[in-house]
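Next come two complexes built around chain A: one with chain B, the other with chain C.
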Partner chain A sequence: MEPLSWGAIAARILLQFLPVWIALAATFGLSWVYRAKLGLYGKLFDNRIGLIGLFLTLFWVYTALAAGLFDWIATHDPLTAVSGMKNKVPGTPLRGAEDGDFPYYLLGGDGLARDVFSRMVAGSWIVVQIAPLATLFAFMAGITLGLPAGYFGGRLDSVLTFAANLILAFPVILLFYLLVTPEIVASGLPAYLSAGLFLLPLVFLGLLINARARTNPRRRWMLLAVMLLPLGWAYLSLISAQGSALDLLPAALDLFDVPGGILVVFVSVIFVNAPTVFRLTRGLTLDLKTRDYVAAAQTRGEGPWYIMLWEILPNARGPLIVDFCLRIGYTTILLGTLGFFGLGLPPDSPDWGTTINAGRKLLSIFPHPAIAPAVALLSLVLGLNLLADGLREESLKD
Partner chain B sequence: MTQEPILAIDSLSISFDTRRAEIPAVMDFSVSVQPGEAMGLVGESGCGKSTVALGIMRDLGRNGRIAGGTIRFKGRDMAEMSEAELRRIRGNEIAMIYQEPMASLNPAMKVGRQLMEVPMIHEGVTAEEARARALKMLDDVKLPDPARILDSYPHQLSGGQQQRIVIAMALMSKPALLILDEPTTALDVTVEAAIVELIRDLGRKYGTAMLFISHNLGLVLETCDRICVMYSGEAVETGTVAEVFDTMRHPYTQALFRAIPLPGADKTARPLQAIPGNFPLPHQRPPGCNFGPRCSYFEAGRCDAQAIPMQDVRPGHATRCLRAEEIDWTAEPEAEAETEARTPGKVVLSVEKLKKYYEAGANALFGGETQVVKANEALTFEARESETLAIVGESGCGKSTLAKMLMGLETATEGRILLDGREIQDLPVADRDGGLLGDLQMVFQNPFDTLNPSIPVGRQIIRALELFGYGASDAERRERMLTLLDLVKLPRDFAERMPRQLSGGQKQRVGIARAFAGGARIVVADEPVSALDVSVQAAVTDLLMEIQKREKTTLIFISHDLSLVRYLADRVLVMYLGHVVELGTVEEVFAPPYHPYTEALLSAVPIADTSVEKERIVLEGELPSATNPPPGCPFQTRCRWKAQVAGDRCATELPEMRRFGAHQIRCHLAPEVLTDMPPVLRHAAD
Partner chain C sequence: MILFLLRRLGVMLLTALCLSLIVFALTNLPANLEKIAKFEGNARMSDAQVESWLEKNGYAQPMLVRYGEWLGALPGWTRTDESGEYGRCVPVGGTIAESPARCGILQGEWGESRVFREDVGPFIATRLALTGKMMFWVMVLMVPMALVIGVLAGMREGSKLDRGLSTLSILTTATPEYVSGVILIAVFASSAFGLKWFKGTATSAMENATFENFFLPVLTIALFGMGYIARMTRASMAEVMTSQYIRTARLKGLHFREIVLKHALRNALIAPFTVIMLQFPWLLNGVVIVETLFNYKGLGWALVQAAGNNDVDLLLGISLVSVVVVLLTQLISDIGYVYLNPRIRIA
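After this line comes the complex of A and B, so read on.
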């Protein structure tokens, strides 16, 4: 069989993404019809920049979901090498293809004869699994500490701000290297760190419910139990692993184990992002706590956590949402960086950073294994940044 | 008139393009300003008065444009001028002064440099020459020690001083036309009075024509020769100040005057008349007369048939009303059923020697020097059931600190607050029980801030009920919330609305409903209407008084608006620099004997009544800092009566309260001197 021409490659790739196109068309069509009722998200449809950002972001989100959940889009297994396909150019026919196999390596083969296209698609699933969740945890940690720092002020604020500045002053890459160093892992430091950081979201949710339902003790305990028991169990399962520094749950009760590498990735992302979120939240709180509705809440006897979580936080949502979009982008880059340095993720992982690093070695001869994931990373981060820009612009209008 | 006007606006229309449609902000607006004349532009917020000013400056932003009409400056059509010509005119021949002085000054540049820039850019004079002019100008705006001020940064000056700098900057180039957009709204009354006097003097001295934009009719009376009243994008009445004030010929102008508390207003015999309905949004204007739906003289089929043109009542006095000739303008408003006067009951709240000092300035982590801010000094007063006690004073006098201590947001340094004999001064709000919280509530100043923008209105009231321990079930609380909405005269379906869907006045009503949710016995209202438009002010004030009467609430009304205080209060407490300087009934405080500070305050309040004559007393100097108050009498640094006290007692000894029956004045002046003071306000007829 002949290798495919560039036009044919493009056509086949576009066809391969068909589920994504359908999902995008449906999303945009429905959103356009109901845009008047969708608040800030609806207003995005009047903003070209924001719309391009939304398109790029959703493209990768749907690709990841289709590839990760339904095994669509990817043409081959991202981890399987096919003999004779090493460093083949895009459009090379698959050697020894059987019936049912996709007959081409659309974007060629990498240095270990794996399909570049499929690895790129599979890489998106890793990003979409980790980046938003890690960013969310970072936000919960930053918010849980930033609100009281801004609201109470005084010594608490000074101490927390000082700590945040300390972390921000620490070189990020060095921190990552430290966290994955075997001696440090053995000392249990990453495990303890993760135990602390993952506890903050629980504290956050607990305070949220407790503050709201304080006036009705029965409802309060019911809600707290419903919310915190399963979450607490999940938390314990998350942080405890057999044989590690934190072996808290008996194996029978341990719901799932997160690979140590992923946990390190989470911890580093939270550790790096939380101080910035902390500072943003603290600043917003300092501004919002002078509003009359906060004084009104105080004079009707609300507790400080109700005021922080139900009076101040909802009104700080605008800047926080914009920052969240931006920060997912940073986290995506951070994941790329971690993968590039081979930190945290397994060496054959199809994530973009690892793939770029693997393709780097023969960049001048065979650029395609590195270019595909690089373009993917770039377009997703660009999409998120444009989306954040669009949201910011629209939220500032009337 | 033979003289050519400085500014002639002819049937100007200004529109803004928005996402939905093009919104006309100003329609068919004509006005002219003669050399040396001061023209007042009056109207409520959103009527388009600032848009006119921006239109003159051709600074309408990206989505605004002049849709029709002409603006002629010294006879030349400004639409035909090039960008370069416009730039030369702006700031040179037409200068503008904005509301917020700090926003008009560059905080990173010394005042001197900013002033010198004007002649250096527009006339190309040397730096020395510019500096000399700046020094002279600072002298003209009566700033003390001009050389020092030239070397200061804006943040080192007080608000009043900053506004003087802005005025000086505007006058540096000797403009032909000065546009003042609410120049004193952000300032305290006594500072405002001084600035107004300055503007009037300078106008006379330099012969500058002025366009004075304001929502305050009293200020316009004091500064302007002619007035133009605007409503919903249109001029509705123009004429000389005397004509429009005394023989108004437009129903809106009349309604405005009936909505503001003039010295003759009386809460029981002649309550304020709010203008019914709401201001129409620009894209929802009614056909025909814009004021039609709110007008008591409205005639269907005529007033809403076609666009109403401006027509002359007599030369120089025009109105946009078809029925100007038919209406009996002298008729008194229909008197509402005379309401019974409230009789104050027993003492519910008594404050004894209350004192509050703050420590400030130290770093929490590393320490440092602390300063003591003396916010309140030995306050003593009582408040009775169903009585309105007004607390009057300018910013920084400690009235908000007092409110915070009453509410438990701060605890007292010394002294006692007794509520029904129970000491609450050391009980922070977090330790107060539901009953006490419900008893003592507060209405806040800023309607746009008083409600949480993210929570529906009904939910916010229900939450207050939950905390006050009201009702056994959610359904019961919901029912109570709906009756509270009825109480403040809001439709029940407002419960589901978000605060941004409500107007300022409506939000303030929700704030009142929330304060009265737990059957409050004492309500502290901190400037509850000062941020509202005149017509809405009247409605909210009347509502507050009506609820107070029904619930027998003690109302502690914090305000700087003495006209309003005179209208609604029973007793008045005047504060200066943390001290009570005068305490008495309204009649006692508003008539001699006065405390010298009260006298100056009364004189400073602009009154929109041509028949009232005022004694002019302008306070010199600045309000002393609360970290370093003057020894002796707090007012001694600015008091014009100080010379009448023998020795330097004023400077060394804090005066005791001098009593005239229940009326108390903290002053060293001999009782005879105090009683012989001339009244500040006199009716011309007297």
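After this line comes the complex of A and C, so read on.
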């Protein structure tokens, strides 16, 4: 078979993404019809920059979901090498293709003869699994600590701010190296860190409900039990792993095990992001606590946590939502950095950072194995940044 | 002002102490010490032999005592047996009486790198000079470019020029160094595209930096930092352009160019100044990536080598240097802010 021309490669790639196009069309069509009822999200449709950002972001989210959940889009297995396909240029026909195999390597083969296109698609699933969740946890940790620091001030504020600045003054890459070395993982430090960091969201949700339903004891205990029992179980099964430093639950009760490497990556990313969120929340709280509605709530006799979580936090949501979008992009960059230095994730993992690192060795002769994941990462982070920019512009318009 | 400075310096010292203690603790875990013993002595040592090696070389003391020794606040360990006198500060074959009691960071003794077999002090100094050279050119390229883009974009908010330049700066902030570096090398230095304008490695730039071998790494770092500064400048410029005195100047009939250059520019540049100084920690991060990517043996490259090989003394030295650099730039940015903006006064 002849190698494909560039036009044919582009056409086949576009066709391969068909499920994503359908999902995107459906999302945009429905959102356009109901845009008047959708608040800030609906207003995004008046903003070209924000719309482009939304498009890019949703493109990768749907790609990841289609590839990760349904095994669509990818043409080959991202981990299987096919002999004779090493460093082949984009559009090379698959050697020894049988019936049912996709007959081409659309974006060529990498240094270990794996399909670059499939690895790029599989890499998006890793990012979409880790980045938003890690950012969410970082936000919960940062908010849970930032609200009291800004609201109460005093010594608590000084200590927390000092700790946050301490982490921020640390060179990020050194921190990553220190957290993921096998000796330190064996010492259990990341496990203890994760136990602490993952506890904060529970504390956050508990306080949120408790502050709201405090006046109605029956409802309060019921809500707390409904919320915290399953979450506490999930928390315990998340942090305890058989044979590691934290072995709390018996195997029968342990719901799921996160692979050790992924957990360490997760923890380091949260650990690096949380201080910045803390500083943002603290600054917003310092500003908002002087408002009249806070004084009104204080006069009504509301408790401090009610004021923080139900008066100040909802009013700080604008900057927090914008920062959330930006921070998912930054987390994606951090994940790439971890992969680039070969930290945490397994060496044959198809995530973008690891793939870029593997591809850079032969960059001056065969650039395609590194460029495909580089462009993918760039477009996702760009989409998130544009989306944040659009959201900021629209939220300032009220 | 002096009180403020003293307090800031105090917090800085405390931060540096805490951070070095954390790094010290993490690099001196029992498992790491065992690795050091096997590296220095014999790879097939038994546990008992490891134990006695650590005992003999002062590693068996409590962690805080050894941290004090490293800092130079506590006297170094000494040991005398039939084969001679040994100690942290005693050179091979020397005697305890002739050697200084303390040798640590405070005395200027940074220890020895296990990987490079060199004294850490001079080693870091050379690497720091190389990284400094790179940073200097990054600043020369990044700051004027960012300011020009920011001022042009913020001058007429909402115009086509503003839209274009803002999108450009978002694009550069969305491109981490390992992505832009890879793309730049592939386009400008590889045989695949045929444009062999620059070199894909900067190893030769360490002695003899030329445009050809040094431009790509410098551009890679500058691009990532540039977008952020440009956006800050744009925001600050746009705010200044809506202020009353600019309107007065326009109503007086001054030329637009004159208003921008003489009235708006100076006030619009206060905010970017602090941002530029606060960019340093991020730039350090980028330096590590770019030095690894372009094989330029500066401080970032040394950090990766030290961290990858558990080279304790070198790692501690580098983290101390980088933390001090970060904290110093924060201090300078605070002081500079006060001087540039007379509305802010710190008692």
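Miscellaneous remarks
We take it that the second predicted complex is superposed on the first by the 398 of 398 C-alpha atoms of A that agree within 3 Å, B and C clash if a C-alpha of one lies under 4 Å from a C-alpha of the other, contacts with A are read in each partner's own complex, and residues count from 1 in each chain.
Here, contacts are C-beta pairs under 8 Å (C-beta built on N, C-alpha and C of every residue); 3 or more make two chains touch, one makes a residue touch a chain.
Just so you know, these numbers come straight off a predicted model, no measurement behind them.
Once chain A of one complex is fitted onto chain A of the other, the partner contacts of A:Leu382 are limited to chain C, with no touch recorded for chain B.
The partner that reaches more residues of chain A, of the two candidates chain B and chain C, is C. After overlaying the two complexes on the shared chain, residue contacts for A:Ser83 are found with neither chain B nor chain C. By the touch criterion stated above, A:Ile371 is placed in contact with chain C alone, chain B being left untouched.
In the superposition on chain A, contact of A:Phe162 is made with both chain B and chain C.
Using the contact criterion defined above for the overlaid structures, shared-chain residue A:Thr181 touches chain C, although it does not reach chain B. In the superposition on the C-alpha atoms of chain A, the part of chain A touched by chain B in one complex and by chain C in the other spans residues 162. Within the complex formed with chain A, the residues of chain C that make contact are 11, 14-15, 18-19, 23, 26-27, 29, 31-32, 35, 163, 166-167, 170-171, 173-176, 178-179, 182-183, 185-186, 189-193, 200, 281, 284-285, 288-289, 292-293, 300, 303-304, 307-308, 310, 315, 318-319, 322-323, 326-327. Listed in rising order, the residues of chain A touching chain C in the complex are 49, 162, 165-166, 168-174, 177-178, 181, 183-184, 186-187, 189, 329, 333, 336-337, 340-341, 353, 356-357, 359-360, 363-368, 370-371, 374-375, 377-378, 381-382, 384-386, 389.
Within the complex formed with chain B, the residues of chain A that make contact are 46, 153-155, 157-159, 162, 215-216, 291-293, 295-303, 310-311, 314-315, 317, 398. If you check the complex, the residues on chain B that touch chain A are 18-19, 363-365, 407-409, 429-430, 432, 434, 437, 440-442, 444-446, 449-455, 463-464, 466-469, 511, 514.
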